[in-house]
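Each structure below is given as structure tokens.
Okay, so chain A shows up in both of these, paired with chain B first and chain C after.
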Partner chain A sequence: MYRKLRLWQTSTDLKKIFLYFSLALGVLFVWQVLGVIGWLNPVIIPSLSTVFRSFGEYLSSGELFRHIGVSIIRVLEGFGLAATLGIGLGLAIGLSRTLDRMTDLLIQILKPIPPIAWIPLAIIWFGIGEASKIFIIFIGAFYPILISVIDGIRRIDPKLIELAKILEVPRRRFIKDLILLGILPPVMTGLRVGLGIAWMCVVAAELIAASEGVGYLIMDARQLSQSDVVIVGMFTIGVIGKLMDSLLRWLNKRILVWNVTYLGD
Partner chain B sequence: MAVDGNLVIRNLNKEYVNGQTVIKVLQDINLEINKGEFISIVGGSGCGKTTLLRIIAGLETAYQGSVTLARRPLVGCGLDRGVVFQEHRLLPWRTVKDNIAFALNNVTPEEREQIIQEHIDLVGLTGFEHAYPHQLSGGMAQRVAIARALVNRPEILLLDEPFGALDALTRIQMQQEILRIWEIEKNTMILVTHDIDEAIYLGDRVIVMSSRPGTIKKILPVNLPRPRDRNHVEFAYLRREIYREFFASKDDDLVYAI
Partner chain C sequence: MKKILKIILLISIIALVFAPLGYGKVQRGNAAKELRIALQPIPFYAPLFIAKQQGWLEAELKQEKAKLKWHFFLSGPAVNEAFAAGQIDIGLMGDTPALIARASGQDLRIVSLAASGPKAQALAIPKNSNIKSVKELKGKRVAVIKGTGVHHFLALAFQKNGLKFNDVQIVNLQIEDIGAALTSGNVEAGAIWEPYITQWVENGGIRILTDGTGIKRGLSVILVSNKFAVQNPALVNALLKAYQRGYEFLKAAPQQAAELVAKEVNLTPKQLLQVFTKFNYWPGISDADIDDLKKSEEFMRDQKIIRSKVDIDAFVDRRYLQAAGIK
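For the complex of A and B:
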């Protein structure tokens, strides 16, 4: 009975792993087949094997890692700034009705402006150095984090706020035990969304003015019509974005042990 | 005249204004609750019993009349009054122990540990100190809520339909528990309920309220020794008395089989 159960479990595990990778591998397979039978124009869409070859070259020469490193550092700086200011300001606005009323209109107007629309001003203000890129990333990641904090505070169960009032919980413990922990699930989501946008923004910023970074790699390859390198760059962006999100999801799970969530049927 | 430590409610009126209409919630409530007494307030939904409790708790401050505890008028909330709600209202991200600690102010770390452990033992949750609320049953969560409400040693514990969401068996068990705790703590208990049996089983007096506007219809002393037998003749008589207050026009020979 025991052994049977184990076997059954392994087979469902295998099934899960298969389900997880099947679609991505399927796409790669179709791509390769189309390349081999000659349906793809190699200048427009290079074959999968060409892409793999240049991927290998860029990996072994270390050039890819250099570009990735530069981009990641930019993201961490911009995202770190956005997270610090977003959480700090979000808490201040969430806890003060006056501040909420004062800032609401400005936030609502600034929020819909896409980070890309800030690029011209960023270049005028900060030049084409690091600062302008960090600024663009900051603009992209700031609002989802800020909104998640303010919204998180507004959504804390009023019954718990009432309880804190009855128990005469001091302000410090009220913020630490009730507010900060209560907003953690939505803020973790806000951080995930913010990091995703930050990663997109770094590429956008590097496409326009940069001498290194993954975005520059793509732009540089385009000018030389190396579509295989363009795809290597795009693939790298996708994989790193996924890894960053996985890291935050893993953190989310470790931190929110008390949070019982619905995982889907 | 008022005895020291008693809760005295005089000429209490409370109304809500909803646009153009004024809804009278409580009308001419006069009540003196003795120190250490167990009071049950029973009434249908919308009779204002919860509003009355919230006024005593200090959560509702706009009313006419006076509410005094030990001759001092009540202003806002205070640690001299603890509240247990129908929902446990535990912080989902805190363990049993930390949920109780959430209520503790101004104690040294050693005192804190000791007080928390004492109260966990008091409500019979020894061994569950590090459990999270989602790991507890409804009855256990409500025990934590009781421990948390008692941790500041309130003179009055306000119970707002605390067992209303529990299953029938757990409810009876919790009624026995609250009696046991009352006998240890010797504080004043004010229980709001719509369960007539519960009101008689627990209360020294049962206050029957009528609906819209909420008034005190009748105050019935329960002169039965504890623990009370729900099948005792006197118990059944009181039950019938209270039923009559709610269903006066209906058949008097109602058979009470629940």
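For the complex of A and C:
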């Protein structure tokens, strides 16, 4: 009986794993079949095997890692800046009604401007070096983080806030134990969204003016009509984006578990 | 039942992923005859701009009951993309992007030259730069659009001076941005072509470190989709005749030619008269030109600008020139 149950469990696990990969593998399979039977125009969509070959070449020559490294450092710099300023400013705005009223209009107008629309100005202001790219990433990641902080503060249970006021909890403890802990879940989400956008922005920034990075790799291949290398670059972006998100989700879980335990004390 | 639904869902998702491929194919079947030309508004193609201004090409095409459509791009690689998407039938570009397009597997043919002009390609530096030779560019930032004729020219100029492409920091920028980046000192050098050389030198922002003399002849070619040419030899013939007529007009009346071309290219007639002297617009393809293309092909493969071999003898099709009486 016991053994039977275990067997049944592993088979559901296998099924889960199969389901998880089935669609992605299905797309790859159809792609390969279409290539083999000659339905694909190799100029428009190279065959899967060509893409794999290029992927192998770029991996073994170390060139792919160099581009990835450059892009990741840019993202970390821009994202770090956005997280610091976003959380700092968000707290200030969230805690002060005057500041909130003063900044609201400006934020609402600046927020919808897509980061790539800043590229022309960024190049004039900061040149074509690192600073302009970090600025673009910063712009992309900043608003979701800022908004998550402000919204997070607004959504803290008003009863708790009232209680803290009645009990005359000192300002420092009020911020530390109520506000900072209360906004943790939405801010973690904001950081995740911000990092996702930051990763997209680095590629956009590198498409315009760069000498290395994954975006540069794609642009380079585009101009040399190497669509297989373009796909290698796109795939790399996708996989790294997914890994970054998984990492933050894992962190999120750990931090929030601690948070929930604490609250249950 | 549920299983069937799931399978249907799976198939439709996969079909959705590949749907864009089918879309392009449906679009391409057109009944009416049309000649779609892609090129840059640059003095390399002056004879064609003369023919355009004079309406010669339209007149020739009218006899064939075909329409004419112009598409303008800012570099050869961009014209290549239009070819790949099946949006154009004829493209004018440097020999380098043409070879890249062929190497990527597109079924294209060089039917004629458009121009050759070694002095129409240049490595430019900011006007107040201290750099005196190509060798001094080691470790510096150099702007170039990869896949263009000047990319090839830059590689040749580096080789001549004992530099490798990896010895400098290559920055990819659009052509207009290269001018701004040079003027502001954001890059130490940039590979450019006409009319930008004349424009920016006269604006006072840049000066020329070296041009293509003795480095690259700067061939540009008329490239056609092979399928289109086989189906519409008369339209290719019409284009070549109009080009030849423009070439003869330019030789006979350069002043008038300059005024016509100035309407298409961002240069004054006075500047154009000067720029014309940098070019040989004779469309015929000599054996020496073929050898030159072969050398370029070898060099580009060596430099990994292209990754597969291009058979130049099959790529160049001189029969259309012969049919148009240009020899």
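The rule is simple: the second predicted complex is superposed on the first by the 257 of 265 C-alpha atoms of A that agree within 3 Å, B and C clash if a C-alpha of one lies under 4 Å from a C-alpha of the other, contacts with A are read in each partner's own complex, and residues count from 1 in each chain.
Just so we're on the same page, a residue touches a chain if its C-beta (ideal position, glycine included) is under 8 Å from a C-beta of that chain, and two chains touch if they have at least 3 such contacts.
Quick caveat, the model's predicted, so the values are computed rather than measured.
Trainee: After the match on chain A, would you call chain B and chain C a fit or a clash?
Mentor: Verdict on chain A: chain B and chain C fit.
Trainee: If we overlay the two complexes on their shared chain A, which of chain B and chain C does A:Pro170 touch? Say first, second, both or neither.
Mentor: In the superposition, A:Pro170 touches chain B alone.
Trainee: After lining up the shared chain so the two structures overlap, which partner does A:Leu181 touch, if you call chain B first and chain C second: first, second, both or neither?
Mentor: It touches chain B, and chain C stays clear.
Trainee: Quick test of understanding: once the structures are aligned on A, what is the angle at the Cα centre of chain A formed with chain B and chain C, as a multiple of 10 degrees?
Mentor: 160
Trainee: Give one of first, second, both or neither to describe whether A:Val30 is in contact with chain B, with chain C, with both, or with none.
Mentor: Only chain C; A:Val30 stays clear of chain B.
Trainee: Going by the contact rule stated at the top, is it chain B or chain C that touches a larger number of residues on chain A?
Mentor: C
Trainee: One more residue to check, A:Arg254. First (chain B), second (chain C), both or neither?
Mentor: A:Arg254: touches no partner chain.
Trainee: Applying the touch criterion given at the start, work out whether A:Met219 contacts chain B, chain C, both or neither, answering first, second, both or neither.
Mentor: second
Trainee: Does the superposition put A:Leu160 against chain B (first), chain C (second), both, or neither?
Mentor: The first partner, chain B, only.
Trainee: Tell me, in angstrom, the smallest C-alpha to C-alpha distance between chain B and chain C in the overlaid model?
Mentor: Least C-alpha distance: 37 Å.
Trainee: Give me the intersection of chain A's contacts with chain B and its contacts with chain C, in residue numbers.
Mentor: Dual-contact residues (chain A): none.
Trainee: Can you tell me which positions in chain A touch chain C when the two form their complex?
Mentor: 22-23, 26-27, 30-31, 34, 40-45, 123, 127-129, 208-211, 216, 219-220, 222-227
Trainee: Which residues of chain B touch chain A once you look at their complex with the stated criterion?
Mentor: For chain B paired with chain A, touching residues are 57-59, 77-79, 81-83, 85, 87, 89, 91-94, 98, 102-103, 105, 132-134, 148, 152.
Trainee: Within their complex, state which residues of chain A touch chain B.
Mentor: Contacts found on chain A: 157, 159-160, 162-163, 165-170, 173, 177-178, 181-182, 184, 256-260.
Trainee: In their shared complex, at which residues does chain C touch chain A?
Mentor: 10, 13-14, 17-18, 21, 24, 75, 77, 80-81, 84-85, 100-101, 103-106, 141, 145-148, 169-173, 177, 181, 184, 186-187, 305-307
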